[in-house]
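Each structure below appears as structure tokens.
Next come two complexes built around subunit A: one with subunit B, the other with subunit C.
Take a look at the complex of A and B:
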């Protein structure tokens, strides 16, 4: 990281800062927009090496993001070619939902969970309204900005839907978030696939660990059926006609309500509706947003009050704070926050106890945070980790299985550079 | 990045970049129809769907609204627009396919002339094949690089604005709003559709939103076919079209129609023996 020339300019306008992460098709680094003083994330896509010219994924992302302007969708600020590379400029996001879920020092109250899932669904509803399927919904594609706003990112797999005859590949989504119809190889699917994935994220917020962790496509279906019971033809009439349909041994539904004991009745009702087997009967995103869960108490937490991983202090070679005028809308962090680079992530130990059941005093606890405790036991409160000088966390295991499968992993996963 | 997608007629006719290089309006429209038919031809050879071809044409229009023909050879630009549109519309064609379709004649000609120059005996099969293989490789690589360079320039010029709105959806909406009689609808659809196809090759789609082109085409088609349109502006309102702007579009269309008289429209119109009907404002 020290090698990065901190005053290097990209195409006259952006001052390059440290590298934030590296994906299969380019590097993401932080930069300062000298026109606005805004902190941005720039995704550099190598074009020269690609035999087919500009990457289709990148073009798709640019095209769709230009249409999708919404508070809950990442903003593409600029795109430009420079020295044979394509640069996409995004608003800078501090962290992502995966980091929040994995960080067991963060307590998520029912109202916090409601807020996160509401923002997720709002972003998704906007996509669907514009006839766009996201197709890669997972916690680490849900980025969280300096003001706590959650935004959908990574539209490299997204597609326009609407014409009924269009056939799509079913090889989308990270496996754990794949809807059953995709696992049965359907080529004609709709917004329901995003709803299923959103349901998985909802469950993950409640459980604080991925809900259905299949090790293969077959196993994924097994896990789904073990949780909800093998679907009967009356539940899902079209199932037997799906291309890769195979009969599964009957499994009765598990005691789901018990597993989600921490969820309110409304939350559990919405979750079950989002996890409906038949995509035609599955609740739509818009209907989900109108569910009484979102209007009943406790109301969703204000985004800027949501618990987030404590960001680490920025390293010395950065002068980001010099460029911090007062303009710059939603994206600009307040000076105090702007000096922080990346949130710490706590490595996820497979069987982390589900001890963070929340109660109504969460607010008080959060205030008392930072007072103590050893790092090894999960503390039911939000602690500023930077004071412990914590090591860069391990990559969560979530993607490793899907990486080869999806052949790529889009960046912005804010990996901590060594 | 947020450059406007639409231009005024004045911008296009008087101040276009090509005009600054001394290319007249007439010459530019000629070049425009040349690249359009090139895109159509290549697109069909690549078996690209109609929407992809239309997208490529639109991208090319956008490019030449901001760049001069004098400095950018339309053949290369149009070819790279095909590649780009195929990616954007999720109907990808490989770069090699595009290159071999676009440049097959040129590469063949180059080989023939090079063979003469290097005194290759065309009857010595082995010598000839070895030579051809080598040359084809080099030529193709050259062309690929050319197209990729053009792709980047196109992207930069159009400010990465790849979202292309086409008038077909609006056309269907307008037709649905107007008629319920199947017989009339069929005829009206065909004439309006071929008109829309014609406008795609003109600068009209750089000046007005697709709905104006669609509704305008329906109105013109209805006049040609003597189909009665609803009175008043209420139906226009429902389609989200401002009457004054639409009048502008229709006037433009009719002026073009009198001059150009596109083959499709004429064949249609004459088929139904209504050629004698004056196309002036009715």
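Take a look at the complex of A and C:
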């Protein structure tokens, strides 16, 4: 196997290993950087087939990641053309936060949760300092490296903000992580949308399941209001002026403190401040990082010591490509996805029938590549929930209709003069 | 762009004038002089501007495209990277990077409309191929800062509420892209130099305001002088002069 692989050198520098996944704008594969010995993930962006050259989403990611160098943001190590295609070289990440949250063999202590959310906020703070909105914060875009470092990834939806009149599309974020102002159709929004999403992730770390699982945009708002109570005009004065504002029947706040009984008072206080309705009053990422939650005991776990899924078989460094053919097309997904899937698969191997999972992965992968054309999307999911005897909740990502809409909106955005 | 210039790749990539004014050996062999080199870049800046007007993109896209083009020629030769292809491709790439995508076929259509000369004729596939080469030449750094943003803030700060002053300043800033200033100086200093020139032209006294700024006025004055020299020397450049320079470059195979 090794001989075959070593012949597949890309650009004389990267030793191609197994394919990790296929996205709409290209294949992701694992490789060894022969200059450094480092394992990397290479995203091949097909250009030849595109009528419009380098994909705009890919270009946006390149543009921003070249400027965003931070320990908590995925590193774009290199980029090069090869055989007419553009190749992006990223640091190789072992798993992602979704895999951690979903893996019920993993116990997260309060200190572990603090560490994960702190790294999330640190990465986000760096983006916001650079006036970049991530706009697609969710657990499976938070990758986890070999030393436990959490890094923000997937900047395909990210935008530079700061121009006061700049209008953006509100069709961003996977629904469960969308802030109420986006659900009400605001076109002018700021870093608060990322804070809301981070709050959802924080809640998910505590609950070990997605917090607000709406099945439509309307339902999403319903879920939010059911949790926090319908916002009053004094809580959020600008709400009634939002483009898609509709009046909701009054719902009182739920017994939220009870639902988050596992959270310390500090944790709950920070969470509530991040879940503030009025984006103007919502805590900023920087303020969140300065919250006493992060300085009170227990202190955040050292990233090295954070619990995470066992590294999957194929990635054990020595025989990278010696995977068992009986396992089927196991590694059809980009690093974070396969990671997310593999530990489960290893632990529950031979348990549930796997045949229909493959399709799910393919759909998942398309999502992962952040592109817009995947049709008949299966619900992306990380775990075969049937093994838990429970129906998995539908994990919304932006669906194809949303994406077409988004694309159209973005195009409109593009044509707007400043 | 509002993000922090001082930590940006743009700031790190600023060059000294001597490093910008280098005609690479291959071009030198073809007889390209420094004057030719500058003229061709200026001509291409105009070209980008003209096409941009036809495809209707905002000035910032033009500014970014011209900066890309100028950066490319600090690293690549005109003999190998035909300016007549590099210029529209930079516009194409800049339109994407500045989130105002222009279709390649639209560009090709307007290029044909603008220039009947066959040397300007390139097809979509040429542009797409060059796009990749330009990305590489730029080392994939795409974020460019421009004086426009600081300009409005600064003008407001001067307290000179004068529409014509604003217009004059804006026009001068646009003209700075006919030179290599953006490769050498940070955008806010270019903005200040343009305000300085405009205020002198419009006979507005800004001395006190400039004195209160914590910037190196020598740099601002040097930039201003460069701009004024440029206006002085480039009042009359004929199409023939550009063509004479361009004709030294090899025609494509």
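Going forward, the second predicted complex is superposed on the first by the 307 of 418 C-alpha atoms of A that agree within 3 Å, B and C clash if a C-alpha of one lies under 4 Å from a C-alpha of the other, contacts with A are read in each partner's own complex, and residues count from 1 in each chain.
We take it that contacts are C-beta pairs under 8 Å (C-beta built on N, C-alpha and C of every residue); 3 or more make two chains touch, one makes a residue touch a chain.
The model shown is predicted, which means the values in this text are computed figures rather than measured ones.
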Examine A:67 and indicate which partner it touches, taking first as subunit B and second as subunit C; both and neither are also allowed. both
Quick one: classify A:80 as touching subunit B (first), subunit C (second), both or neither. both
Check the residue A:290 against both partner chains and state whether it touches subunit B (first), subunit C (second), both, or neither. neither
Per residue count on subunit A, the busier partner among subunit B and subunit C is C
In the overlaid three-chain picture, which partner chain does A:132 touch, first (subunit B) or second (subunit C), both, or neither? second
Quick one: is A:53 in contact with subunit B, with subunit C, with both, or with neither? Answer first, second, both or neither. both
So subunit A touches subunit B in one structure and subunit C in the other; where do those two contact lists coincide? 47, 51-54, 56, 59-60, 62-63, 66-67, 79-81, 86, 159-160
For the complex, give me every residue of subunit C touching subunit A. 1-4, 7-9, 58, 60, 92, 95-97, 99-101, 103-104, 124, 127-128, 131-133, 135-136, 140-143
Subunit A-facing residues of subunit B, complex: 1, 83-84, 87-88, 90, 92, 94-95, 147-148, 151-152, 155-156, 160-163
Quick one: in the complex, what on subunit A touches subunit C? 47, 50-54, 56, 59-60, 62-64, 66-67, 79-81, 84, 86, 129-132, 159-163, 410-411, 413-418
Which stretch or stretches of subunit A touch subunit B in the complex? 47, 51-54, 56, 59-60, 62-63, 66-67, 77-81, 86, 159-160
